[in-house]
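See the structures that follow.
Same chain, two partners: chain A is paired with chain B first, then with chain C.
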Partner chain A sequence: MVETAARELGVSPAELRRKNFIREFPYQTPVIMAYDAGDYETSLEAAMKEADYAGFEKRREKAKKQGKLRGIGMSCYIEACGIAPSAAVGSLGAGVGLWESAEVRVNAVGTIEVLTGSHSHGQGHETTFSQIVADRFGVPIDSVSIVHGDTDKVQMGMGTYGSRSGAVGMSAVVKALDKVEAKAKKIAAHLMEADEGDIVIENGELKVAGTDKSVPWFQLALAAYTAHNLPDGMEPGLKEGAFYDPTNFTFPAGCYICEVEVDPDTGETEIVQFVAADDFGNIINPMIVEGQVHGGIAQGIGQALLEGAHYDPASGQLLTASYMDYTMPRADDLPSFKVSTSNTPCPGNPLGIKGCGEAGAIGSPPAVINAITNAIGNNDLAMPATAQKVWSALKAATKH
Partner chain B sequence: MSQVEMVVNGRKVSGTVEDRTLLVHYLREHLGMTGTHVGCDTSQCGACVVHMDGKAVKSCSILAAQASGSDIVTIEGLANGADLHPVQAAFREHHGLQCGFCTPGMIMAATDMIARHPEGLDEKTVRAELEGNICRCTGYHNIVKAILAASKAMGKAAKGKTKKAA
Partner chain C sequence: MYSTNYHRASSVADAVKLLKKADDGKFVSGGMTLIPAMKTRLAAPSDLVDLRHVPELKGVKISGKTVTIGAATTHAEVAANAKLASVCPAICNLAAHIGDPHVRHMGTIGGSVANNDPAADYPAALLALGATIVTNKREIAADKFFTGLFETALKDDEVITAVTFTAPAKCGYAKFPNPASRYAMTGVFVAKAKDGVRVAVTGAGEDGVFRSKEIEAALSKKFDASALEGVSVSAGTLMSDIHANAEYRANLVVVMAKRAVASANG
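What follows is the complex of A and B.
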């Protein structure tokens, strides 16, 4: 819509977006969402620079000489993730609360087991959740294990969707870690006859700040379970649980730019360049975040160009019921992607995370379609933009 | 019923199977080797790729009876004990997998691709030759990166060996 408006007004699509960016936060939208923080211009600048937006007309000319129609399209997206404050979804009619649960069990030898209600089916929780635990206590990452998807062990959980595992699931882990840390410090202070406020955790040890007194993490864990010498009235053990109910949604945002070449004879579209610049707030593991974006972009490009569900109008039978008839994007339908991130921390959760699971699939379809419609000079193009549809839209545009 | 015998990952196996048994079902259900996946069984997804007599094949498109007498290598037979095969190591290093469903097929297809291109690979070739393997998670970006890296590493290792031999 913004792209069409820009074309009809004869202004640059980037300029029109820039003019309309929200710059003051918090920003209450007319619907339930209140945007908490963001820096949309930084993503726009980063994407335009990476895509060499300014040099596009030259590339268009060059393509034209080779008989190809080159087009460029952008999309600036914002999404509501980290779902969700239970009261907010309740007011929208949801029958459940959308908190997440976590339990941190420190074993007597100091290894740590984290139970989470966020399931991992490729999102890498085993890595990222372990990272925040290992960072907190300075223990080797291999000594942390993540338990998920086992209802015999994990009491309650709301699951992995809506880019919520980081923002909500990890926040629950952080809350449980806070409790573990507080108890561990109490025990350490008691063992070393120091003040609780002077205990710091560094490199796998609990130290009394400014002295050479310390207790190794594993020894502290053992002390919690032998319970020979605990502060008065303290229960043995080192295991804490927490529920985290977010106070707000999180709002990842970014700018995607797609450049295509259309073959005017066949309507075939080739994606020649794809750039994504996302603001995900703080990031725990860049490699995993990039992987999530790559997969999302591929899915969005699939939706824009290839994937369509067709039913037989007479019988209602699904005709695209297997990979023989439903086109999944293949490696040669896609280029390598240029992805980058900026990091405006999310004020709503303890880690400042916004979430990144869906961004790629949200930002890419409009960018692809905007690029094709830019190339063929016809804004009227439905997804999936198959070669036949693009060819027809091109013919319709050249008729007028 | 058919009597089949073959070598799977260096081990001799044999059994009696229904004539219609696909190689992938023989591996998974009769031999209990579930590393090879089934994503479609209509030969599109490539999750089931194994090597048969040194060539990559989709084991959902071959009958166990047809494979009788041949030498099969599956994903379980690629690593050398605890040492990952260079292609496996590259997938790990470059985050070439997320859910892992496509991974066995991707890796078996990639090792075959690298073997067929001793001169080295470029991105275009890798993407074209991955046509028969579908991934829903990675957008192929890191898979392509991993295959290119493995091809380079294996090319170097092979050169090193020929030098030593000479």
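What follows is the complex of A and C.
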């Protein structure tokens, strides 16, 4: 819609978007959501620079000489992730609350098990959740294990979707870690006869700040379980649980730019450049975030160009029931992606995370379609933009 | 899939004998078409007689311009045969673009030809090359062999042993692959031989592979892509399915023909 408006007004699609960006936060939208923080211009600038937006016309000319129609399209997206405040979803009629749970168990030898309701089916929780635990106590990452998905072991939880594992699931872990840390500091203060407020955790040791007194983490864990010398009235052990119910959604945003070349003879589209500039707030693991974005873009390109479900109108039989007929995106349908992130921390949760799971699939389809419609000069194009549809749309455009 | 009895034939004669003994037997070669059909229970033969290990069905022979490809030769073997590439590179190129590597290493030319899928690549080549399909009983000209959708002149117990053709002066193949299966959504094979230009189209015809008279006529005047400017083919007998309608296929026939000629002319 924004792209069409820009084309009809004869203004640059980038400028029209820039003019309409929200710049003051928090920003209450008319439809429930209150945007907490964002910097949309930074993503736009980063994407335009990476895509050499200014140099596009030259590239278009060059492609034309080779008989190809080149087009550029962008999309600026904002999504509501980190779902969600339980009361808010309750008011919308949901039958559940969208909090998340965590339990942190420090074993007697100092190894740590984290039981999370956020399931990992390829998102890499085993890595990212371990990172925040290892960072907190300065212990080796391989002494942390993440337990998920086993309902015999894991307490009630709500799961992974809506880019919520980082923003909601990890926040529950952080809350449980806070409790573990507080108890560990109490025990350390007792053992070293110091003030609780003077205990700091560094490099796997609990130290009395400004002195050379320290207790290694594993010894502290053992002390918690031998319970020979604990503060008066303290329960033995070192294991805490927490529930986290978010106070707001989180709002990842970004700018995607796609450049395509259309073969006018066949309507075939080749994606020749793809740029994604996302603002995910704080990032725990850049490589995993990049992987999530790659996967999302591949899915989004699949939706934009390839994937269509067809039924036989007479019998209702699904005609695209196998991959011989249903086109999943494959490696050779995809270009190399240029991805980058900016990091406006999310004020709503302890780690400042917005979430990145769906962004790639949200930002990419409009960018791809905008690029094709720009190339062929016809805005009327439905997804998936198969070669035949593009060819027909191009024919319709040149008839006028 | 229903259960079935597997037999590995040691010779063509053995294969025929095994098939005759079976209740409702079928030859299997690469199994790339037959096995999926069995998995979905579209086919349920009582017995499978495997031809892929019969030595007399394997390999490519070239003498002068005469090419003979054994029925059990895989697409990958055709694609990689350097001697064949020196007399008829287009057929190697065609084989190299069938399906994916798994399919190319199992699927065979005999199976492809016997199956006569309306979107298969080889039928276009054999029809345009005026090839001969050799069986254990007779020799059949390609013009007579491909009789309709998944239909051929083969009898039930007839085994394709080889295909043979004379390499033409020039030939080329271009296909627009179905984005999902990579079969031809439209494929055109053009050949310029002593006796004239032959053009065969696959993936587009309602009745399977066919020769395009319009394109043959244009290319007979001048064997060059420019001869096809402004030429159009009728969508009337072309296929419409979820992947492409007849009008689009009619366009692809001309575009692929241009590309095939360009590749034939190198």
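Convention: the second predicted complex is superposed on the first by the 400 of 400 C-alpha atoms of A that agree within 3 Å, B and C clash if a C-alpha of one lies under 4 Å from a C-alpha of the other, contacts with A are read in each partner's own complex, and residues count from 1 in each chain.
Rule of thumb we're sticking to: a residue touches a chain if its C-beta (ideal position, glycine included) is under 8 Å from a C-beta of that chain, and two chains touch if they have at least 3 such contacts.
Note that the structure is a prediction, hence the values are computed from the model and not measured.
Per the definitions stated earlier, placing chain B and chain C onto a shared chain A by superposition produces no clash, and the two fit side by side. Once the two complexes are laid over each other on the shared chain, residue contacts for A:H310 go to chain C alone; chain B is not touched. By the document's definition of touching, of the two partners only chain C reaches A:T266; chain B does not.
Once chain A of one complex is fitted onto chain A of the other, the partner contacts of A:S392 are limited to chain C, with no touch recorded for chain B. By the document's definition of touching, of the two partners only chain B reaches A:I297; chain C does not. Once chain A of one complex is fitted onto chain A of the other, the partner contacts of A:M324 extend to both chain B and chain C. Once chain A of one complex is fitted onto chain A of the other, the partner contacts of A:M287 are limited to chain B, with no touch recorded for chain C. For the three-chain overlay built from the shared chain A, the minimum Cα spacing from chain B to chain C equals 5 Å. Within chain A, the residues touched by chain B in the first complex and by chain C in the second are 323-324, 328. Partner chain B is touched in their complex by these residues of chain A: 121-124, 287-288, 290-292, 294-299, 322-324, 328, 330-332, 334, 336-337, 360. For chain A in complex with chain C, the touching residues are 265-268, 306, 308, 310, 319-320, 323-328, 333, 386-388, 391-392.
Residues of chain B that touch chain A in their complex: 39-40, 42, 44-45, 95, 97-100, 123, 126-128, 130-131, 133-145. Across the complex, chain C meets chain A through its residues 176, 179-181, 242-245, 248, 251-252, 255.
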